[in-house]
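To keep things simple, chains are lettered A, B, C, D, E and F as they appear, and every chain counts its residues starting from 1.
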Amino acid sequence: MPKVTVHRKAHFNAAHRLFRKEWSDEKNYAVFGKCSNPNYHGHNYNLTVSLTGEINKETGFVYDLGILRDLIKTEIEDAFDHKNLNIEVTEFKELNPTAENISIVIYDKLRQHLPIDLDLKITLYETARNFVSYSGE
Amino acid sequence: MPKVTVHRKAHFNAAHRLFRKEWSDEKNYAVFGKCSNPNYHGHNYNLTVSLTGEINKETGFVYDLGILRDLIKTEIEDAFDHKNLNIEVTEFKELNPTAENISIVIYDKLRQHLPIDLDLKITLYETARNFVSYSGE
Amino acid sequence: MPKVTVHRKAHFNAAHRLFRKEWSDEKNYAVFGKCSNPNYHGHNYNLTVSLTGEINKETGFVYDLGILRDLIKTEIEDAFDHKNLNIEVTEFKELNPTAENISIVIYDKLRQHLPIDLDLKITLYETARNFVSYSGE
Amino acid sequence: MPKVTVHRKAHFNAAHRLFRKEWSDEKNYAVFGKCSNPNYHGHNYNLTVSLTGEINKETGFVYDLGILRDLIKTEIEDAFDHKNLNIEVTEFKELNPTAENISIVIYDKLRQHLPIDLDLKITLYETARNFVSYSGE
Amino acid sequence: MPKVTVHRKAHFNAAHRLFRKEWSDEKNYAVFGKCSNPNYHGHNYNLTVSLTGEINKETGFVYDLGILRDLIKTEIEDAFDHKNLNIEVTEFKELNPTAENISIVIYDKLRQHLPIDLDLKITLYETARNFVSYSGE
Amino acid sequence: MPKVTVHRKAHFNAAHRLFRKEWSDEKNYAVFGKCSNPNYHGHNYNLTVSLTGEINKETGFVYDLGILRDLIKTEIEDAFDHKNLNIEVTEFKELNPTAENISIVIYDKLRQHLPIDLDLKITLYETARNFVSYSGE
């Protein structure tokens, strides 16, 4: 069967700051600039989840996008939306919540709930001009 | 010569329903949900056609996007726009018009009119949040 | 208190056709073109609902956009999404579902559930290039 | 001379929470839901500033959009971008930073730097689906 | 009959420069900056044409958007697209092609072809961040 | 370390024409159509620069997008924005400024300033419907 990629968009709004706690405020500011503001700032994160695999001959689907929508809601939106990533999201307690690291956390959270024969790719917009993508490599 | 990908966007508005005629209404609803509504629903489909190949040294083009625009119009827009995909488009008489299957039909219709040394990829948005891509693999 | 307008976007996907049943097919085609296709076509309708009024001093809200979101869902999305407007939506049994008429129907359905001191405006995109707006005048 | 409206878009990323300090956590949650998260959340705010007035016959401008861009940067972006609105922006020390109130603060900050014969309007997107507009009435 | 506004989007790509020929190069640069580059620069102009009027009871249309699309093509796109506005468009021979002035020229060109009982408004994007609107006042 | 792609968007507005000087006006028009207008036309070019590489364990960055933003400004925006590509940009003195060729020039200009272990990809929108991508192959 032909291989097709299906994509589903979602979003969440969150606060974060970039910093390493073992660094001084000065070093954090030197490396992360205003993104290291100790009082936090925030973003509307726009997420695209992409799955590549063979079309199911019966349904004509690679994967039911309604199921994917619900999975993204349960695993990502409910966990991240209207949250402070540094304080309230376990994965970022010791991990700097850069867009790169957030995309890997999202990948790892979704990967375990998805069929092994589907390739997964995450695209995450932090702003309209800055975004990242990760496919588990 | 360097290889570049050129992309052209287009769109069409169509009605469809998802269903398998050998299934009962109940099974169709269980699998396809409200997308199996027997009275149809519809979408503004947004299409991107991508061609990858070497730049022509004389023109600086990989492929003339005006010619690609006209090809998409003749082969896809004239065939699909303001149509009921299930009833009026031959390819979907026996094929469930999921976004995945529509992208394959578009690929196959365009492939035969394009130079063999150009790689072709189809991206099809069914809604602002759901889309698929297919490159003939 | 200052007057502010708050806006909430929503969308629904539906099939429709433009026609007057008292006209012949030829006349319908002459007036409505391919939009009168008897087998229907469809759109992703994008809706913006705008409410103008004074800010509530306590909450800082003109109107709770979460309540507006739920109202749009109950009154509009549940009624129109994945439906055939001509066949399944009562208001269009005798009314041609042009974007203009759909915007008036949406206005009338929402108006009765909203405080009388708030001005209401409807903006409805039928395609990315065609849209209408209506404010009850 | 004819009257034209000129518009300039800008954006800033900020953290905030909605709450009234004289209310209990329970009441804040009842009214503002997850927007009252004590650890803050955040948004990419998209701003449009609109000025209406007569065209200057010599320049063909209503107002130099480069000057408006710089004014927005100095007055709004430098003050709000990558900030925690509740903690770091004076105007919201005692004012709930709803989109409505933010739009009024932006209006008031810009109004005093703009010619009196130009009408000013603020449009502020808090998310892709929620936005407000204010013109000083 | 209720009054509704119908909108149609279009676009054209053109070169221009901002300058007054009676001014020195220095003064032009002081006022218009890099927009006065004597070798021209260019834009993808995005245009929205809006018509407000009563719905026609028979058709459910305020104005046939297909006719409006064709009018915009004949009067605006054919005249402006892939042109140098200063050199090739008569209206700008003696008029500085600022976005403000272009919107007025578009208004005047369309106004004479449209029914007198319809209000006309022009919105013109010069860039994604700079745009103007004009309604003949 | 995992490999992630980081993307940064930018834009510039420029005039250009497509033509080969060794061809007659007739041949240029036959091949390039209205894009060969001797008086030039122009575009708002939207650029995405993508870098793929391993995440730096300390910073959580693949590459600092603030540095990338500044590099794009110095190398591309300052060189191309509000310019006539054919007349004022050295690289196009003998090279037809098609979107394909512009993307290669941008790639070559940026490539030499970026770490060798990062893969680079350029995506360039000439209009909302026409765009190209190039990754140095």
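Basically, a contact is a pair of C-beta atoms (placed from the backbone, for glycine too) under 8 Å apart; a residue touches a chain by one contact, two chains touch by 3 or more.
If you're wondering where the values come from, they're calculated on a predicted model, not measured in any experiment.
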item: Chains in simultaneous contact with chain B and chain F; value: A
item: A-D, D-E or B-C - pair sharing over half of the B-F contact pairs; value: D-E
item: Comparison of C-D and B-C (more C-beta pairs in contact); value: B-C
item: Whole-Å gap separating chain C and chain E, where each centre is the average of the chain's CA atoms; value: 28
item: Centre distance in Å when chain B and chain D are each reduced to the mean of their C-alpha atoms; value: 41
item: Shared-contact residues (touching 2 or more other chains) in chain C; value: 128
item: Interchain contacts (touch definition) - all pairs; value: A-B, A-D, A-F, B-C, B-F, C-D, C-E, D-E, E-F
item: Complex contacts: residues of chain B adjacent to chain C; value: 11, 13-16, 34-35, 37, 39-44, 46, 81-84, 87-88, 127-128
item: In the complex with chain A, residue positions of chain F that touch it; value: 2-10, 55, 58-62, 65-66, 69
item: Chain A residues touching chain F - in the complex, by the definition given at the top; value: 18, 20, 31-33, 95-101, 103-104, 128-134, 136-137
